[in-house]
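Next, two complexes with chain A in common: one pairs it with chain B, the other with chain C.
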Partner chain A sequence: MARIDLQNIVKRYGSHDAVSSLDLTIHDGELLVLLGPSGCGKSTTMNMIAGLTEPTSGRILFDGKDVTDTSPHERNIAMVFQSSLLYPHLTAYQNIYMSLKRSGLPRNEIEARILRAAEMVDVRRLLDKLPGQLSGGERQRVATAKAIVREPDCFLLDEPLSALDAALRMSLRAELVNLQKRFNTTMVFVTHDQVEAMTMGDRIGIMRNGKLEQIGTPEEVYNRPETLFAAGFIGSPPMNLIEGEVVAEGGMKVFACKDFRLPLAGAFAGMAPASAAVLGIRPYLMQLAGSGPGALPMKVYAIEQLGNEAIVIADTPSGARVRAVAPAGFHAQVGTVLHARFDPADALLYDPGTQRPFAVQDREAA
Partner chain B sequence: MPSLPQTAGADPAAAAAAARPPRRKELSNLQFALVVTVPVLLFLLVVVAYPLGYALYLSFHEIRFFGGYSAEFVGLANYKAALADPKFWRSLGLSLRFTVETVVLTIGIGLALALVLRDLKPRWRWLRAMIILPWAVSPYGAGIFFAYFGRGQTGIGTALISAFGFDGTLNLITQAAVIEYLALGAAWNMAPLVAFFLLANMLTTPKRLYDLAKIDRMRSYETFWHVTLPPLRFTLFVFTCISTVLALKTFDYIFTETQGGPGNSSTVLTYLLYQISFVNLDLGYGAAMSFFLLALILGTTGLIYALWGRREERK
Partner chain C sequence: MSRSRYPVWLILAVAVALLWTFLPMYWVVKYAFMTKSEIARFPPELYPHAPQLAAFYNIFGFDYTAADGTVFPASGQANQIMLGLRNSLLVSAIVTIVTMVVVLPLAYVFARMDFPFKGKMLAAVLLSVSLPPVSTLIPFYTLYVQLGLVGTLGGLVIITLTITIPIVAWLLIGFFKNLPPIEAMGRIDGFSRLYIFVRIIVPMAKSGILVAGVIGFLFSWNEYVYAQVLVTGSDAVTLPAAMSGFLFQVPEPAQLAASLFLSLLPPFFIAFFLQKHVAEMNFA
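Coming up: the complex of A and B.
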């Protein structure tokens, strides 16, 4: 088990910063998900934690010990790669064995550990199969066995589920979390799939352009996204973002845009007027309602039936695409104009200049 | 799956019976295969089967040109004579020596070249295209080239020793080592193609597999064995077969380079066959001996397949 500290890590390729001044602490026994679009630096960060890539500058500490210049095996990590990479010409057993070949353990101990690990992820009957004879899910399990057999201080998983179909991904997700909680071993999990991040992570680190945008529990990043990017990236359906301005009107602050005007309430009621503002509201917090002041008009573009609810995808008169969650079975003709309302206290307001929420005096009171 | 619908001629009566679906007979796979291969099979019959059959006929006869053409049936006498001929056994030995050396050098140099080409820095990648050039040289041309290259007066041996301050000439084409020198030239000719195919294979290996090997603390030879080599094994097998066959039947390259010499030290089986059939005009005896060469080629490739190829078959 290990607590991992990244201190002011920079990784530069030529003139391009893949990762720039990253500070990150991964707590002992924690499952941290690094989430971001491709090219955001999350895999580079993981490679540096693993010791496969050397940072241009900065330090990496494992339990307070500087490991920046040490090789992967000296860090005692185990890694599972994208598409559950295995040596294609070796059987599952031999693949798992490769993790321990250099461990110096006696032969019978190695064998016992391999069988134990295989038992744990239910691949004992597959041990003499080649990777090519295994299904995607079975390969993933073997790769997991290969990782846990080492009994590492830290698991590093680089999009291990990305090549699997949705149903399998869902069941393996739970299996991995369950394993991690049973071992209580630190785990870093890289993914571009925000659903995976939300469902698995103790904490989620959202990365973009080599920088950490926000790190926090799933509740925190979902309910209080600290940047406009985090707001748009987390959540399915994604948060509605509407551009406008905030004006003072008779002692009140009003969010105004071409489509509608909304007097602000809650925390942001105390903010200063701003000539440019982005209002963020989750589709789940929007209710379809009649027209009137504070209601957002929108023309139906499509309706997605999810069984337990329906998602209305619509365009506002000014052309912004918004989504609202409606009761299951809700129907409307494409092109119908509907209205949606939401509690102004639920809305988040971002400054497009800084990409961050507007400062308010007593935001915590909200 | 390719299939040729056989369209029936437009028939107004059939069109009237609109309720009936149009009858279309599709060719089975075997029928289609026959349709597309029959012309080729016929062609092969003419250019392969006929000469082969004629050679078989010759091998059972004693052919005379002088004093009027005559062909006398002698049964297996030509075959028996070949087996009793010390020249035949000697040439067979030389052929095998040349073949083993050529194959080992071709595959070895090809693999080494591919490894070098794979790890080239981007601004040197154009070398990957250049490296194919030796393969573009015909064996005939390569023979002439290597003949000049190996001779004492003009060759690289002399150039090398004079660079080290020695006075004199160094002939690379000697009785003792001519086969090795020939094998080196043959490998120079063929290895680039092998390198090309191996390189293509290497580039399909996921880079992450090398990271996995690093985490598993593999030593460099283990990484080569477990990561680099496995995807190459099928290609290596195929090229071992190809270069074995090519080496066993090499003629033009040896003809232009050494003419079987010095003396008869590079008179491999093909060269001996040429001397018997086309210099001595003993066509029946030459034809009989050529069937031993055919058996040798089929035997070696069969053996390589049995020992190696069956394990590499794609599942």
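Coming up: the complex of A and C.
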């Protein structure tokens, strides 16, 4: 078990910063998910934690000890690679054995550990097979056995489930979380799939362009996204983002977008007028309603039936594509104009300039 | 097999490809079993009516007496053919081994590691693949005369390596590039770079390495341009150079065909035994 600190980590390739001045603490026993689109620096960050990639500058501490210059093997980590990579010319048993080959443990101890690890992830009957003879899910389990057999201080998983089908992914997700909680070992999990991140992580670190956009519990990043990017990335269906402006009308602050007017409430009620603002509202917080003041008109683009509910996908007059949740079986012709309402207190307001929510200070300065 | 399994155009395309490949080979090989007068006939015979092995005896230096009493005398080129066969096997084997010893680490490093001027050095390797051997023939010849390497096996080995090393490197770089990032896993397991290369990468890439080696062997086995200029008529003659004697010195079509048949055998057997590996590998 280990607490991992990344201090001011930079990784530069030529003139491009894959990771720029990253500070990150991974608590002991925590499952931290690094989430972001491809090229955001999440895999580079993981490789630096593993010791496979050397940071251009900055320090990496394991339990307060500087490991920046130590080899991957010395860090006592275990890693599961993309698509559950295994040595293709070795059997499952030999693959697991390779994790302990350089451990210096006595032979019978190694053997006992391999069998125990195989037992734990239910691959004992597969030990004589080559990776090519295993299914995607079985390969994933063998890769997991290869990781746990070392009894590492930290598990690093680099999109291990990305090549599997949805149903298998769901069951393996739960298995991995269960395993991590039972061992109580620190785990870093890299993914671009926000559902995976939300369902697995104790905390989620959202990365973009080599920077950490936000880090927090799934509830925090879902309910209080700190950047526009985080707002649009987390949640399925994603948050609706509508561009407009904030104007003062009749002594109130109002969010305006074409003919749509929404009096602001809560923290945003007293903010200064802004020529550009982005309003964010979760589809689950929008109700279909009749027209009238405060109702957002939208033209139906498509309707997705999910069985327990329906998702209405529609375009606002300003051209923003929004989603609203409707009761199961809801039908409407494509092109019909519907109206949606939501509680202004549920809405978030972002400054497109800074990409962050309008801050309280802005309001008081006005 | 059901009739509708393969479309007609595919069957036709395969038939054309097979004909294109095998018809010339068949045409030559059938000469090996025919007499001079049969070969000279017009229109040409489609197959040997009275197949006989005279040409094979002759190129190995034996007279051959046919059933009707005709004597086919041993070829004057027999000595060259025998030497050529031995030298070709020797040169090709040495060239293949040296090529692989040089290229395996070279291709690995180019494919899987980063270092300064990698792109430019790679371009140099690939440029030499595209260079026709004839273009370097005269400078090499002049150099070899000065160094006393004309007519030596060592000289031929060195010059053949200038063909095989770039082409085999080119093939293997592509092959190594497609391997998964297994080094990272090896490093986490605590293995050295060398161990990872020898014990993990090489076994993983076995098929590709075998096939690349065979391609190196075949390039060496088929090398004619340099051999014709550097070793013809010497003790270091190779089979392709020796065979050309039947064309230019004493025209003997049947014996030429018989020695061609001989030279087709090693590639044929290699291709036959390596089918599995060729199908397994993927240079894409």
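Here is the rule we go by: the second predicted complex is superposed on the first by the 359 of 366 C-alpha atoms of A that agree within 3 Å, B and C clash if a C-alpha of one lies under 4 Å from a C-alpha of the other, contacts with A are read in each partner's own complex, and residues count from 1 in each chain.
Operating definition for what follows: a residue touches a chain if its C-beta (ideal position, glycine included) is under 8 Å from a C-beta of that chain, and two chains touch if they have at least 3 such contacts.
Everything numeric here is computed off the predicted structure, so don't read it as measured data.
Superimposing the complexes on chain A yields a three-chain arrangement in which chain B and chain C clash.
In the overlay built on the shared chain, the residue A:39 is in contact with neither chain B nor chain C. When the shared chain is aligned, chain B comes close enough to touch A:132, but chain C does not. Of the two partner chains placed around the shared chain by superposition, chain B and chain C are both touched by A:85.
Of the two partner chains placed by the overlay, neither chain B nor chain C lies in contact with A:237.
For the superposition on chain A, the stretches of chain B under consideration are 8-16, 62-70 or 80-88; the one running into chain C is 62-70. Overlaid on A, the two complexes show chain B and chain C touching the same residues of chain A, namely 47, 50, 52, 71-73, 77-79, 81, 85, 87-89, 98-99, 101-102.
If you check the complex, the residues on chain C that touch chain A are 180-182, 184-185, 187-191, 200, 203-204, 206.
The touching residues of chain A, when paired with chain B in their complex, are 47, 50, 52, 71-73, 77-79, 81-82, 85-90, 98-99, 101-102, 132-133. Listed in rising order, the residues of chain A touching chain C in the complex are 47, 50-52, 71-73, 77-79, 81, 83, 85, 87-89, 98-99, 101-103.
Residue ranges of chain B in contact with chain A, taken from their complex: 206, 208-209, 211-212, 214-218, 226-227, 230-231, 233, 315.
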